[in-house]
């Protein structure tokens, strides 16, 4: 339909930079003061030619310059379309949406644990709360998909890297280094994002030892709480209940979920 | 699907020129020796993003240069997409398809009667059989949609023009001038293309007075005779039968059809 | 352009325009109110409400298909008391015309929700969902059998004076038969269609893609199916029809009106374009006038066979 | 890549690969042979054939919808004698595996076509179309009622030794019930689905767009509906299923195999891409191997609930 109207919470954001950061991984930098008010862990719900919008977390949030980043892997038609967007083009976005990370308590040790495309939103958290200087553990399948390592290092943070195939950093998953970190840090705070099996392992490692906030993915419809598509099972007061990733999440306390 | 394969009868034709010939009317010149073997009245079945290809007649057929023309009005999504194609781009075309005009008998008077986007295929006939020097009657709703008048004149042909609103040539339809022509020419041959109500009037005017070949339009599926979508009612040996515009047509003898 | 968009329906139900938010795609009201003035819509049909809370189906609950969307939400809802307490006041305050979509496992449960809504300020009508394909017991079968559809409708009818519409399933051999049954049972209106049962395969995991195995197909893909049901039902009953299924533009709305719908609901497209319903309302006058109509009601049923055109169907013109 | 694409079906019917041209979209053979080597397809199901010629419906006969196509051809065909005389020799000569799609107004007419084909060289199997939505009498009701579906199938079964598949309609409350009826009547296979009844409105002329009023919806829009029917029927009968509806790629074929189809038919997409079936056959080995399969038969039914997977359905592995 011609002449799309925009409303509060719906943003017409211009792409000011496009970068292929790794094979099949693109980061778009958008100019949008409205989006740049986001809390780390929140997401953008992006119109693509498909029937549903595509949720992507913010990799960077820069309120001063009014810019945000979206760093995504090309996995299907929607992300392929997005990856083809050029500088100067505009995206129709709902956002910032969802419930982001609660700020870390600066008086307690803090660690970020990210896997694959779960790394970028953790970078936005690290940048936002850089004074709390988290330890950073990031992992990926293989070397070239270890995302944003340099960006973390430029914040002056120590980064431990794992790859499944041992092609970079330590061979194995992020869970090994996390276990070590938990042993060395009492009363710690863990922020984590990555594939659901990884988050389940993080939740299990942290249980009773550290407070873990995890950012989840789920297939979404509306993205704003209306359709009840995006639920995950959580511990209700008396029994299991479903919570919405788009509204109560994407960031949950690990212990409120049923893994 | 990647890597479309092309077969005999399926052409990957490059657009070498694109011209907006009138408001909402575009002519594309394609380079394709295979298409340039067409008979006037045949058509191209063009892949567009829709579920079905779009049939368009050839406005020009130039076997020597290996080029053909497609002149169409933008009426919906398919033609809008086509009108947006640029020089250098390629079209996936089945063709030339269908049954074109039978050559005129040079010993008898010959007249072309075209309306709107029915004019271009008549130009290809005029150019092909220019020695037979047809009289030309063309009509349109309004001045700017009188197509290809100059092209006919450059062939040295006399052109009578009608417009519904009288903004160019004579006010009214092509049927008036056709009646006059029929009165002045015994044993004539009429080639006609245009909206179906116009063709019905042409058929009726010619009945018993001149041999009329008419080029019809009908909604098509396959375009090659397989699906039986594109039929029009015709006089069978004993009763009404349906004939396929894509295969037995688009050019029919006016008297074989039921109007 | 002065164009009469309002729609008069039975029992005094009047809509400012024919564009209603479809149940289940618009939550309970607050969610989209940031993007749309919900009071400016023809009406809002809220997510299905049952007497007690329903948990719904396991995720994933949505899956894209060509021009369509499969969902298996499974009618998750917090129950009618929470709805009345938490959501209805907001809707009332925003001036929304509220249609409460009601569901139950038994005839009695439907009747319980209906009588609970009776007399609640702000409830304009009830929509009886006997057709959700995501519930294997109850809901499914009610809409698949004329006798059961009759029973549910009758029970709701007896429980309330509110205008009652019954929402039909396209997943039956003859929706028209169900329509006749619910008309006889006292339904004031029919809404159609609910989603079409479908399935997708998650090739990677070699299993059905949705947590609920099958799901309901919505979106533009089903528009021709919806139009067929509306067109058939319009020739089988004399009560008004609220048409839906794949509507994405004002031109689509006109198709449904011509096929016999008195108003329409818009669902899936809202996920792409939260403001699309308002845009449709804004563009409808132009689309109607291009079609030669002076208002919504004049277009209703004009593509039906002459014998079934609205003169004989009453009420709309 | 060495990949076993062949498909073994009942009564010795063997296909070189699982990709069959769907009836009505591929004419009687010659039309597409310029674009495709019809002998290299798994098989070709020809346009429905009746004892006497059928005229078909008035035009327009096709209309585009979002990712779908409505048609109301109305089974125009020249009758079985012309088919045997004019088309069958060509198909035989090209080495096509020919499935004759048969239609009739009465049980007896179906049986007449079946016995006419019995013994004709080059006919590999029959597909009994009891489900075309474009015929109001006969064809329609046979596929909508288990008893009538049984009668037609039984009559055809008795008239021929050829492998018989019966083509199901999606336009019924329970395709699985019809499937069980035709299995009991002696069908060797089931093909599913035929088109979904739909309607479009020609807004400009204020009337249904198709000459036949309603039409049959095909193309990608109906893929989820087709997969659901295949998945349900696969759990209800133990004879093989030929799946179809919206297939446009090798990945789509794998979805149908996983949902329980032993082979597939491809229709509407051929209008866009005459060579697409050959392309699918060429790409299938890679798609199967990416999915972890060593052949077609290993994939069949692997997304069904464990109890219904092919070990228990026999024949395919």
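Chains: A, B, C and D, in written order; residue numbering restarts at 1 for each.
We take it that a contact is a pair of C-beta atoms (placed from the backbone, for glycine too) under 8 Å apart; a residue touches a chain by one contact, two chains touch by 3 or more.
From a predicted model like this one, the values you see are computed outputs, not experimental measurements.
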| item | value |
| --- | --- |
| Chain whose Cα centroid lies at the greatest distance from that of subunit B | A |
| Distance from subunit D to subunit A - Cα centre to Cα centre, in angstrom | 46 |
| Inter-centroid spacing, subunit D versus subunit C (mean Cα positions, whole Å) | 34 |
| Intercentroid distance (Cα basis), subunit B paired with subunit A, Å | 58 |
| Where subunit C touches two or more other chains, by residue | 65, 67-68, 219 |
| Contact graph of the chains (line, ring, star, complete, other) | line |
| Pairs of chains in contact (touch as defined earlier), listed by label | A-C, B-D, C-D |
| In the complex with subunit A, residue positions of subunit C that touch it | 24-27, 31-32, 34-36, 47, 55-56, 58-65, 67-69, 71, 73, 76, 219, 248-249, 268, 270-276, 278-279, 283 |
| Touching residues on subunit A, where the partner in the complex is subunit C | 1, 3-10, 47, 50-53, 94, 218-233, 240-242 |
| Subunit D partner contacts - residues on subunit C that touch it in the complex | 65-68, 70, 144, 171-173, 196-204, 206-208, 214-215, 217, 219-225, 227-228, 231, 246, 251, 254-255, 258-259, 291, 302-303 |
